[in-house]
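Okay, got some structures for you below.
In what comes next, chain A is part of two complexes: it sits with chain B in the first one and with chain C in the second one.
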Partner chain A sequence: MNDVFQSLDPRINRLGVTVEGHLEAKSSLDQFETYEVFFQMKEGKPYEHAGIVHAPNEDMAFLFGKEQFSRRYTCTGMWIVKTHQVITSPITDHEQSAYDLLDHRLAETELNELSHFEVFHLKKRGRQQVHMGRVQAKGYHDAFKQASEHFGTEPALQVWVIRSQDLLFSDEADKDIWFTLPEKKYRDAIAYKSSDKINAYKERTAKQ
Partner chain B sequence: MYGGGNTFEPIKATGLEMEDPAKLAEFEARIERGEKIEPQDWMPNLYRKQLIRMIEQHAHSEIIGALPEGTWITRAPGFRRKLAQMAKVQDEVGHAQLLYSAAETLGKSREDMITDLINGKSKYSNIFNYPAFTWADSTVISWLVDAGAIVNQIANAKGSYGPYCRALDRICAEESFHLKYGHDAVVHLATGTPIQRKMLQEALNRWWTPLMHFFGPPDKMSVHTEILVKWKVKMATNDECRQQFLDMYVPKIWELGLSLPDPKLHKNAETGEWEYTEPDWEEFKRVINGDGPCNAERLAVRRTAEERGAWVRKALLSPKATYVTPLA
Partner chain C sequence: MKELAIKELLYKMADDLLILGHRNSEWTGIGPILEEDIAFSSMAQDKVGQSWALYKMLQVLGEQEPDTVAFTRNAPQFHSCKFVELPIGEYDFSLVRHFLFDTADLLRFDLLSRSSYTPLAQLATKIKGELKYHTMHANTWIKQLGSVEDEEAFQRMQYALDVALPFALGIFEEGPYEQSLADEKIFAGEVHLKSLWLEKIQETLSKTRLVLGDVSLISPELGGRYGQHTEFLQPLLDEMTEVFKVDPTAEW
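== the complex of A and B ==
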């Protein structure tokens, strides 16, 4: 077998890629740690969990999050946090609130001073976590307690609590990265209307 | 972009006798009620394993599928098509990221998935082992391969695993653009000059067998997957998807005065089913096992990208980084 193959793609030929080869098994963290991405579709709407990105730092996570989750629809803001900085409750069924299942394992993570925490609820299985609001508490355990008092009557199949200072929030000045979204018509399905061409073709061939 | 070739290997042992019967019953009742399973829920090992395999193969298919189309970005005719082709390729790579994440919530790391792809341990959709010789090939991929993938993905989006369904909803929304863009490009060639029509017809002839292979072997040849149907992992059989694809797209091909290289292809008016010549399933097996026209190139290109990018990732890695399984 040739060492270097001929591709139909001239760019690949220029790379001098060899056919034979074996990838050394990737070590852990080769793809970095993960960040959870939340975004807001319109002003005034609550932030919703969108998914994760792998990134070496917050700023890269922000860029990847923007590319991954806000290419198509309107977007007015984005939040980023390291996955391990999200503290989660157990997940439950529609009959029961996740606040009823909280255990005491969080007690040891108490912080010394009052901090702000962002609270998210999973309201229905299959959906994404939605931001409920902010509470002030002296640790994660306390934050869950505060959240229960403030938001406990809302559906909560699972609760996430994140210390506000761990989140990277987009600010006013960042918003212009989404301004040009509606201009990119070439990636909208509605920009492609071929029925006129098809009808013209049919008329033309019917006459012949 | 993804087909149904994933069900090819038989399940050797279900291992269900090892599972806690009470938890299993609760799990099955939840699926029966139409509720989604989320990553933190208890699930049987077989469910986890099959989903990892399926979602991982889907992710690999997206990333490998970007290669034959990526080839055509620089040569796509006109600035607008270059922009659209680039956006489509970015979408496909983005879909791979969404799917890798969904698989990751089940406990397989992205590092392991990439290693298994490049070293040939994991499969991807067979169709991307064929070359895109001309611009017309690229338009046929954009339209019909994506059309086939959408049939498959819309079915799977009603499955039971929350993160996979959410990824598929996002993917399907984006792929509606691919489908329209591909169709528009095909119509442009079909209604153009005789040379354009000829180029398109040749591309269709080349892609017909891979497209028929796309949904996997016929149900009568496939492995029994009753339990995966019950658990809403597999949402439609290979033949059901193939029939739906033929029903939606063969008339659209024929209305452009184009032909398909199967004289037997027609819709049986009585049964409402499409009849066709079975494609060569030996070729399918051969190509999926590595002996197709582009298998070696596709994997070598991915491997080279990983190897040559390694130093950048190493330089960027923070010593404080810690990995935990992503949440949803």
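== the complex of A and C ==
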């Protein structure tokens, strides 16, 4: 049995996919590593976590992130970082701040050179992590301690800290890659007003 | 004369973008990985959008509306180069074509951003960033796959480049109004564009193990600009217009 799979889609027929009759073991997944993507929707707005892409390196992750997460609406900038370079606090429920679950005494044990860290908060369940700002610290524990001092009064169901030098920041000069985005209404389901058209069709056919 | 020259320029650019946009959209749903599938599909959509803007410009000059022009002509009435109508092949070929065509397209629109024909200059300025992303995407892939240790991947890229080159040179087939376009400072011309293009693709390829053949020894695949196409264009048009022909008055 080696029949060519027949589809209504001419592209699929051109692939000449054969339907084979034998059994085979499920193969293991072969995936690229993951990168976290953050974007800024408008000038002056904080960066927000947009999602994750698989990619072989950060340049490719940038290419992919741009079309996965900023192919609609507006965008003015993008940051990329390897998933394992995001250090996360425990996650809390409701009223408690994630900072209260951390032992800030551990900060005293860190003796590295001062470096910059970007701090993100999950302010509400079901929302994305939002960039709060940058702190200088001697290590991750210290960064969480500094973040607590700077942003501790803001809601924080979970805190993320990323070493600034681990992030790939989009180039200021490349902002124009998003320039025509607001015009691409055809990527927005709402622009087709399909429910209006379906309702109009239903009304039309009901009268007949 | 001047208007004829502008129309000829707009038609070949619009047809290139429509046909390649349609070709590249054939990868939607069957791309190599999800992320690339989405990125490549988005860029295909950009190309169709750019062709629409050019057809719209033609409409202002008295041609029929974009849908009519795009969906009711047959192959001999298309001014696109043969390069864009070739089947998508394997992903190596589609990537190499994307790199060779989009590099030329970015340079073409860059020249046109200084065109004396204002609508074209305005469009070129507006879509500059879109084209920048397209070439950023192409160059990153070419550098990635053109420098890999894996011999099969490298050989496939080199082979795709060798196959694509004569067709890519066909992008620069000269039209009947080159002189008049240059005199009127509308467009500097295909010969000039080709030299800029060669320099640019060499620059990217020099960062890889890929080698560009000796262009002076290759005869370009010409004829597309004058309506002579390969056997691949008409089936593409039949497929592209299939839904339109069911109901040409349908609103989308």
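The rule is simple: the second predicted complex is superposed on the first by the 164 of 208 C-alpha atoms of A that agree within 3 Å, B and C clash if a C-alpha of one lies under 4 Å from a C-alpha of the other, contacts with A are read in each partner's own complex, and residues count from 1 in each chain.
As a convention for this text, a residue touches a chain if its C-beta (ideal position, glycine included) is under 8 Å from a C-beta of that chain, and two chains touch if they have at least 3 such contacts.
Treat the numbers as computed from the prediction; the structure is a model and nothing was measured.
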Message: Going by the contact rule set out at the top, does A:18 touch chain B (first), chain C (second), both, or neither?
response: first
Message: So in the superposed three-chain picture, is A:59 touching just chain B, just chain C, both, or none of them (first/second/both/neither)?
response: second
Query: Touching A:149 in the superposition: chain B (first), chain C (second), both, neither?
result: neither
- prompt: Where does A:84 make contact in the superposed view: on chain B (first), on chain C (second), on both, or on neither?
  reply: first
Task: Have a look at where A:179 lands relative to chain B and chain C in the superposition and call it first, second, both or neither.
output: second
Field: Which superposed partner A:100 touches (first chain B, second chain C, both, neither)
entry: neither
- prompt: Across the two complexes, what residues of chain A are contacted by chain B and by chain C?
  reply: 11-12, 15, 32, 53-54, 56-57, 60, 67-68, 71, 184, 186-187, 192, 197
- prompt: Which of the residues in chain A come into contact with chain B in the complex?
  reply: 5, 7-9, 11-12, 15, 17-19, 21-23, 25-34, 36, 49, 51-54, 56-57, 60, 67-68, 71-72, 83-84, 86, 88, 90-91, 93-94, 122, 125-126, 128-129, 158, 160, 184, 186-194, 197-198, 200-202, 205
- prompt: Which residues of chain A touch chain C in the complex?
  reply: 10-12, 14-15, 32, 53-57, 59-60, 63-64, 66-68, 71, 174-180, 184, 186-187, 192, 197
- prompt: What does chain C use to touch chain A in their complex?
  reply: 26, 30, 33-36, 38-39, 42-43, 45, 49, 87, 126-130, 132-133, 136-137, 140-141, 144, 239, 251-252
Query: Tell me, which parts of chain B touch chain A in their complex?
result: 30, 35-38, 40-41, 71, 74, 80, 83-84, 87-88, 90-91, 94, 97-98, 101, 104, 109-112, 114-115, 118-119, 131-133, 162, 165-167, 173-174, 176-177, 179-181, 183-184, 187-188, 190-191, 255-257, 296-297, 300-301, 303-304, 306-307, 310, 313, 316-318, 321-328
